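Shared between the two complexes below is subunit A, which has subunit B as its partner in the first and subunit C in the second.
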Partner chain A sequence: MSSMEALLKDESTRNIRRLLKVVILITIAGAAVSSRLFSVIRFESIIHEFDPWFNFRASKYLIKNGFYNFWDWFDDRTWHPLGRVTGGTLYPGLMVTSGAIYHILRMLSMPVDIRNICVLLAPAFSGLTALATYLFTKEMKDESAGLLAAAFIGIAPGYISRSVAGSYDNEAIAIFLLMFTFYLWIKALKDGSAFWGALCALFYFYMVAAWGGYVFITNMIPLHAFVLVLMGRYSPRLYVAYTSWFALGTLGSMQIPFVGFLPIRSSEHMAALGVFGLLQLVGFVEFVRYQVPSRQFKTLLKALIFIVFALSSAVLVLLTVSGVIAPWSGRFYSLWDTGYAKIHIPIIASVSEHQPTAWPAFFFDLEMLIWLFPAGIYMCFSTLQDQHVFVIIYGIMASYFAGVMVRLMLTLTPVVCVSAAIALSNILDIYLSVKTPAAPAVGAPSVDERKEKKPRVNILSAGKDSIVGIYSKASRIAVVAAFSIYLFVFVLHCTWVTSNAYSSPSVVLASRLPDGSQHIIDDYREAYYWLRKNTPDDAKIMSWWDYGYQIGGMADRTTLVDNNTWNNTHIATVGKAMSSREEVAYPILRQHDVDYVLVIFGGLLGYSGDDINKFLWMIRIAEGVWPDEVKERDFFTPRGEYRVDDGATDTMKNSIMYKMSYYNYQSLFPAGQAQDRVRNAKLPAVGPTLSILDEAFTSENWIVRIYKVKDLDNLGRDHASAAAFDAGKKKSKRTKAGRGAQRKLRVV
Partner chain B sequence: MPPKKNLSSTQTAPAAAASTTSATPTPHNASPSDPLSILGGILNTYSQSTPQRTKLIDAFLGFLVVTGVLQFAYCVVAGNYPFNAFLAGFCATVGQFVLTASLRMQSDPANKSEFASVSPERAFADFVFCSVILHLFCTNFIN
Partner chain C sequence: MRFLAPIVGLLSLASTLLPTTLADSKLSKFTSLTAGSKLKGIVRLNDALYTELTTAPRNYAAVVLLTALDKRFSCTLCQEFQPEYELLAKSWIAKHKTSDGLFFGQLDFADAKATFQRLQLTTAPILYLFPPTTGDNVDVAHIGTPYQFDFTQHGTPAEAVAHLISQHTTYAPPVSRPFDYVKFGGMAGLLLVAITIVSIAFSIIKPIIYSRNLWAAISLIAVLLFTSGHMFNHIRHVPYVVNDGRGGISYVASGFSNQFGLETQIVAIVYALLAFATISLAMKTPRIENPTRQKAVILIWNAILLVGFSFLMNLFKQKNGSYPFFLPPLF
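Moving on to the complex of A and B:
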C-alpha cells in the first residue's frame, strides 16, 4: 500500500500518467474523427443535406470576396424579387472559421480546396469537443471521469448524427463552443476570476457568431446563478464570474448583426439581464450586511431584495406586454407550448426535426449512457458543489428540450456523456481499488492510478453509512468485467449506428441491387447540373423551399424561396402556385419571373420524401395566407382521404403540383397500369395535361422533374385554348394517319 | 464571511459583540426602526474600516454611477436615436462598474478565503484584461 502510494507520488509515474493522458486524448480524437468518415469513404467528399449547401456557398463567397464584402453581402440570387441581406441574416462563425482555416493552410503552403475544409470541419471539431468535454468533466470530478466523458462524446451517435463529414452545419462547431463556454464558466465560478469570466464571454461571443442555439447558454448560465442565489450559495466569486461574463458577453453578442439589439429587446435574453440586476442587489446587500451586523436589519434587507426582485419582474412583464421588449419568438415559444407551432406557424411544424422525440430514439442515440445519466445526476446531488448544480440544471433542462424536439437531442448528448462518465468513474473508483488485477476498462490505467489520492470513494458510501471496501476479488472482477463488456458493446453500437443510420448523404441515394452491390441514384445532381449547364445564367427556378439551398449551391441559379424561411408570405405564394389550377398559377409564375419549375417526384422509385408527400404542408402554409383561395379540405376525398388515384378530388387533380408530378408518367407503364410506389396507388389511365408548362427535363429515375414556363401565347389566347387548338389539329392529322390514341398522349 | 466580521470588530467592538450574542439588546444598532442611526453606523464603519485603496476604487465606482445616470437621463430627455451609441456608452459604464466592483471584491483582504487563487496583482491584471476587451467591444459598437 505504502509502496503504491510512493509510486503514485513519484515524478516519473506522474510523467507516465501525463503521457497516458495525452495518448488517450489523441486516441479519442482519432476515434472521433475516423468514425465520422463513413460517408466520405463510401461515397465521396461532398456536402450533405440542405442547409450546409448555403453555408458552403457563403464560405465560397467569403473566400473569393474577402471578409468585408462578405459582411455586406446582398444576395440577389435567392428570394428572387426580394433578395436577402445575407451579411445581416446569418451567423458568420462557421464560414469565418473555415475561411480562417483555409487561409492558414494556404499560408503553410498546403493549398486545400475549400470544399474539403468544409466537409472535414465537423470531424475536426468533434475532436476538439472531446477535449472540451474532458476539461469540463475534469472540473466536475477528476481526470479519469474526464477521459471517460471525452471517450463517450467522441463516439456518441447523438452528436455524430449532426457532425459527420460533409455535414457542414452550424452545429458542427457549436457543440464544441457550447462545451468550452460551459467549461470556462465553471472555471470562472470556481476561481472567482474575471479573466476566466472574460474568456467565457469571448467564447460565448464566438458561439453567438456560430449558432442560434446560443440562447441556450444565455439562459443556462443565469439559471445556474439564480439557483445558486436561491440555495444561499451567493459568493463574491459568483458575482465576479457572472458579471464579467454578462457585461462582456452581452456587449460581444450585440456585435453580430443578426443578433443586433436582441439582447436588450427580446424575452429570451431577459433572464440574463434579470439575474444580472439581482446579483447587483444581492452583492450590495451582502456588502451592507457585513457593515451592520444586526439580524433584524438582515431580514429587512432580505425583504427589500424580494420586493425589488418582484418589482423588476413586474416591470419586465409590463414592458413585454406593452411591446417594448419583444415576446418569445415562435421557434422558442413552441418549446414551451408544444401545440403552438402546429396551429399557428405550420412552417415550423412542417420541419421533421421539430417533432417530439420517441423513446427508442434516446436508446438509439445514447445506448448505455441514457441509463447511466440519471445515476450521474444522482451522484452530482450527493456531492453538491456549485459546479454540480450546473450539471443537474443542464441535465434537467436539456432532457426536457430533447423530449420536445428531436433536433435538441444534440444539446442533451454532452451532458449525458458528462453525467454518465461521472457515474461510471465512481463505480470504477470503487471497484478498481488497489489490488485489482489487470484493468480491462477503457481509460482504465489512469482510473486505476488516480483513485488512490481521491477521497471520492467515501462520498458514494456516505449515504449508505457503511465502510467502503470490496473484500472479495470476485465481486470486483465481476463488476468491472460487466462494465467493460458494456463499454465494448457501446463502441460496437455507436459504430453500427453511425455506419448504418447517420452516414448517408441525402444528395445521392444509395440502394442495393439483388446481388449485394451498391447502386447509386444520383438524380439530384443530374438535374441540378442540367440546370447549371442548360439554362441561362439568370433563370429563376421555383421549387418548394426545401430545395432552395441546393439549387443555389449546385445549380447556381436564382431561386424564389429557400431553407432560410424568413418570409412566410413568399413561401405561401409558392405554395399557392403549386396547389392551384393552371389558370391561377400562371399569373403567379409570370409575376415572379419564374422560368423553370422544379418538383421532386419519388413515385417511380419509392422515394418517400417527394413533393406529393410534402404537398399538404404547401397547402397549409398557403391556406394560412389565403384562406379563401386555397382550402386544405378540397384536397381530401369526402371520406377524408388524401388520394392520388382515380378517387382523388378534382382540386387535387387540377393542381399543378399533381400535374407536374404525374405528367406523362403513365407512358412508362402498359396502358392502365401506372403505379405510384410511394402512395401504393394505381393511377388513372389518362394522365394529366399541362398547358402552361413544358416538360424541360426529367432525371433518370424520375426523381427530379423540371418544367419550363411557357411564354404568353402569340395570338393572345389563353394557354388552355391554345393547347386545345394544337391538340385538335394534331388529332385530326393523326386520325388521317390512323394512329392510336396512346401515341397522342406522348406527343402533347 | 467571518474574516470581514473580524476586521470590523477591531474598530467597532460593540457591534461584533452584538452579533455574537443576539439575545442581548445591541447598544447602538438597537432600533432598526431608526434608519438614520443605521445609516450613520454604516458610514461610520465604512470610513473607519475601509483601506485607502478600496476607498479610491469606491470613488471611481461613484463616478461611474454618476456618468451612467447622466447618460441615461440624457437618453430619456433627448431620445435614443443612435441607439447603438447610447448602448455602447451605457454598457461601457455598466461594464466598467461591475468590473471595478469585481476588482474591489477580489482585492478586499476580507475576501481572501473566497479567492484563494486570485492574488490582488492577478486581480488587477484580470481587471485590465477585461477592461481592454470591454472597450474594444464598445468602440466597435459605437461605430
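Moving on to the complex of A and C:
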C-alpha cells in the first residue's frame, strides 16, 4: 500500500505519473475515435445527412480552386435563378481546416482522398475535444477530475450525436474550439495574462470562422465577467484577461465576411461591448480608490459609475430602437420568446432539431451524468473561485438552451461532463483514499463545541466541518463498487446509443429482413446517380429545401432551394408550387426554368420522413407569403384531420405534391387495395392523373420519385385538354391559338 | 360557371346604374348613425337596420359583429372580443370622423333573434365583412355572401380583423392601442417601492443576496427544472396527467418524445434525490465523526442511490421499450 501511495504522491515518480497520464489520454482519444466509426464499418466511408454534403462540396471547391477563389465564390448552381454568394455567406473554418490537413498530408507525400479527410475529421477532432476538456477541468479541480471529464466527453452520446464519422458539419470542430477557448479564458483569468487572453482571442476567431454558435462564447465570457464584478470580485487579472480577449477577439471576428460588422451592429454582441465599457469604469474607479482615500469621493465615484452605466444602457436601447443596431435575429430571439418562431418564422420552427427537448432525450444523451451534473454544480459552490462561477453560469445557461432546443444539447454536454467529473472525482478522492482516520478519542471536544470555535461565514451548509475521512473499509468498498457498476453501465449505454441511434448516415437506410439479416436501402443515391447520368448538366431540379444540398453534392445539378434557407420567399415559391393545382403550378415551374421535380415518398416502405409528412410546413411557409392563395385550412377535412385517403380534401388531392407522391401507386396493388404504410391509409381506387409532368424515374423502393416538366404544348392547348385529347375523351376544339400553333404560357 | 359570368356582370351593372341614390342615402344614414352612436364608432343594429345595412346596393363596406353579450349566454369569447372590436372601431373613427364609407355594426342576439334565426346561426361571435357592391371597388364574388372572420386561427383579434379588412377592401384601418397608464403607474410604483425597500433594508438583505446557500439552491432548482424537460411542458402545454381510459390516471406518456407534467416532476425529484445522495456521500459523510453513525449513513445513501437510479432506468425503459439495460432491484 505504501508503495502505491509513493507512486501516486512522491516527487521521484513524477515522470511515471506523467507518462501514465499521457497513456490514459491517448487511450481516451482512441476510444473516442473508435466509437465514432460504427457507420464507416457498417456502411462505408460516406458523408452523412444534409448539411455535410454542402460542406463536402465546398471543401472540394476549395481544394480545386484555391483559397482566394473560394473566398470569392459565387455559386450559380443553387438558388436558381438567384445564385448564392457562397464565399461570403458561410463559415469557412471547417473547409479551411480540412483543406489544410489535405495539403499537409500531400506535403508529407501521403495522398489521402479529400472525402476520407472529411469523413474522419469529426472523430479526429473529438479526440482533441477530450484533451481540451481535460485541460479545462484540470483548472477547475485537479488532474484526476480532468481525466474523468475527458473520458466522459469522449463517449457521451450528446456529443457523439453530432460527431460520428461522416457527419462533416461545423459542430465537428466547433465543440473542440468551444472548450479550448473556454480553457484559455479560464487560464487568462487565473493568471491575469495578456498572452493567454490573446491566445483565447485567437481561438475565438477560429471559432467564429467555424460555427454560428460562436455567439454563445460572445455572451458567456461577458456574463462571467459581469457576474464576477457584481460579486465584488473585480481584479486587475479580470481586466487584463477580458480586455485583451475582447479587443483582439472582436477585431478577429470581423475578418470573417459572413460576420463582418455584426459585432458592433447587432444585439447579440452588445453584451460583450457593454461589459467592456463597464470594466473600464470599474478599473478607473479602483485606480482612483488607491490614490484618493477620501470617503466622499468614493461615494461620488459610485454614483458616477451608476449614472454612466445607466446612460450607456439607455443609449444602447435608443440605438436599437432607432435601428442603428440590429435587434436580436429571429433564430436567437426564439430562444427567449419560445412562441415567437412558430408564429413569425415557420421555417425555423419546421426544423426537427429546433423542437424543445423532452426529458428522455436528456437521459438518452447523458445517462448518469445528468444527475451527477447538479451535484457537481453544488460542489462548485463549495470552493467558489472565479473559475467555478464560470462552470455554474455555463451550466445553468446551457441547460436552459438545451431544454428549449434539442440541437443545443450539444453545448450542454461539455459542461455536464466537466461538472459530473468534478462530482465523481470528489467521491473517488474520498472513498479511494487508503488512509483510515483514527477513531475519535473519548473526551475529545464534541462537534458542537468545535463549531463554535471556528465560526465561518458564508459557506455551504454541507461543508461546515472539517473532513475526517472514512472509517470503515466496508463502506469504502460498497461506494466504490456501486460507482464502478454505474460507470460500467454508462459505457454500455453510450455504446448502445451510439450504435443504434447515431450511426446511420440517413443517406443510406438499413432495415432488417424477416430472417434477421441486414438489408440496405439505397434509394437516395440510386436516384441522385440517375440524375447525374441521365439529365443535362444544366438541368434545374426542384425539390423541397431539405434535399437541396444532397442534389448539389451527389447529383451535381442546379437546385432552386437548399438547406441554406437564406431566402424565405424563394422557399415559399417552391412550397406554393408543390401545394397548388397543376394549372397554377405550371407557370411557376416554367418561370423558374424547372426541368425536373423530385419528391420523397415513403408510403411503400413506411419511411416516415417523406414529403407528405413535411407537406404541412411547405403549406405554412407558402401561406406566410401568399395568404390568399395557399390556405392551410383547405388541406384539412372539416373535422380537422390531415388525410390522404378517400376523405382527403379536394385541395389536397389536386395539389401536385399529392399527385406526384401517389401517381401510379395503385398499380402496385390489386385493384382498390392501395395502401400507404406511413399514414396507414387506404388510397382511392383511382389514382391521380398528371398532365403537366411526366414520370421520369422512380427508385427501387419508391422513396425518390422524379418527374420531368412537360414542354409547352405544340398546338398551344393547355396541358389538361391536351392530355384529355390524347386519352381520346374529348374532341379537339379548334381554338384560335391552336390554328396558329402558338405555344404560350398561360398564367392563372 | 362560364355562363354565369354575364349574369353577374349584368347584375352588377344594374346595381351600379339604378339604385345609386338608394346606396347614397344609406351611406349618409349610417354615417350619421355612427356619429351619433353611444359606443364610439359602432352602430348598434337591430333586425331592420341589419337588413338595411347589409343588402345589396352598397357603396360602402360594412363590418358586422353578431354577438351575444348577455350574461345568460355565457359566451366568453364574445366578452373577450368586445373590447378588441370597440378598439378597432374607435381607432377608425378617430382618424375618419365621417366614417368614410367603412361602418362597424354590432348585432346582439338579445335585440335581433329573428336575424339569427334567419341566418341559421347557432354560435357566436360571428364577424362578417360586407365589401361594396357598387362604385369603383366592387368585389363581384362577394355581393351576396360576406367574408367571415375566422376566430379560431388568430391571436390578437383587433389586428387580425384589421388585416382581414385591408386584404379584401381598399380600407386599411389602423389599430392604435391606447397607452395603459394604470399598468405603467403600477409598474413605476412597484419599482419605487422595491428600490425603497432595498435601500432601507440593504444591511439586512445584503447577507441574503450574498448567501452562497441561496444561490446554490436557486442554481440547482434551475438546472433540475431545465434538465427534466420543464421547457418542453412550457412550450407544448402538455397535460399534467391523462385519463388512461380505464378509470385510472396515467402519468407516464407513451413515446420517446412526449411527456406529462407530473412525469417531469417525478423525474426532477429523482434527479434531485440522486444528486443529493452524491453530495452527501462526497461532502457530508466524511465529516461525520462517529464511526458507526458514518457507516450507517453511507449505507443508507448508497442504497438510496442504487434504488433511485434503478427506478430512473426503469422509467426510461417505459419510454423506450427497446432499452436493454437495468439495475437491480427494479427490472
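In the analysis below, the second predicted complex is superposed on the first by the 685 of 748 C-alpha atoms of A that agree within 3 Å, B and C clash if a C-alpha of one lies under 4 Å from a C-alpha of the other, contacts with A are read in each partner's own complex, and residues count from 1 in each chain.
The rule is simple: a residue touches a chain if its C-beta (ideal position, glycine included) is under 8 Å from a C-beta of that chain, and two chains touch if they have at least 3 such contacts.
None of the values given here were measured: they were computed from a predicted structure.
Novice: Taking subunit A as the common reference, can subunit B and subunit C both be placed on it without clashing, or not? Answer clash or fit.
Specialist: Here subunit B and subunit C can both sit on subunit A without a clash.
Novice: Name the contact category of A:264: first (subunit B only), second (subunit C only), both, or neither.
Specialist: In the superposition, A:264 touches subunit B alone.
Novice: For A:290 in the superposed arrangement: first (subunit B), second (subunit C), both or neither?
Specialist: first
Novice: According to the stated criteria, A:197 is in contact with first (subunit B), second (subunit C), both, or neither; which is it?
Specialist: The first partner, subunit B, only.
Novice: Counting residues of subunit A in contact, which comes out ahead: subunit B or subunit C?
Specialist: Per-residue touch count on subunit A favours C.
Novice: When the two structures are overlaid on chain A, which partner does A:628 contact: first (subunit B), second (subunit C), both, or neither?
Specialist: Touch partner of A:628: subunit C, not subunit B.
Novice: For A:236 in the superposed arrangement: first (subunit B), second (subunit C), both or neither?
Specialist: Touch status of A:236: first partner only.
Novice: Tell me the contact category for A:254 with respect to subunit B and subunit C: first, second, both or neither.
Specialist: Only subunit B; A:254 stays clear of subunit C.
Novice: On the A-aligned overlay, A:272 touches which partner chain: subunit B = first, subunit C = second, or both, or neither?
Specialist: neither
Novice: Rounded to a whole Å, what is the shortest Cα gap between subunit B and subunit C in the overlaid structures?
Specialist: Between subunit B and subunit C, the minimum C-alpha distance equals 19 Å.
Novice: Residue numbers of subunit A touching subunit C in their complex, please.
Specialist: 231, 338-339, 343, 355-364, 368, 370-375, 377-379, 381-382, 384, 392, 395-396, 399-400, 402-404, 423, 426-427, 430-431, 439-440, 447, 458-472, 474-475, 478-479, 482, 485-486, 489, 492-493, 496, 500, 627-628, 633
Novice: Once bound in the complex, which stretches of subunit C touch subunit A?
Specialist: Touch list, subunit C to subunit A: 150, 153, 155, 167, 207, 210-213, 215-216, 219-220, 222-224, 226-232, 234-236, 256-259, 263-264, 267, 270-272, 274-276, 278-291, 294-295, 298-299, 302, 305-306, 309, 312, 316, 319-320, 322, 324-325, 327.
Novice: Touching subunit A in the complex: which residues of subunit B?
Specialist: The contact residues of subunit B facing subunit A are 1, 4-5, 8, 15-16, 18-19, 22, 26, 29, 32, 38, 41-42, 45-46, 83-84, 87-88, 91, 94-95, 98-99, 101-103, 105-106, 110-111, 114-115, 117-118, 122-123, 125-127, 129-130, 133-134, 137-138, 140-141.
Novice: So in the complex, the part of subunit A that touches subunit B is made up of which residues?
Specialist: Going through subunit A, the ones touching subunit B are 191-195, 197-198, 201-202, 235-237, 239-240, 243-244, 246-248, 250-252, 254-255, 261, 264, 280, 283, 288, 290-297, 300.
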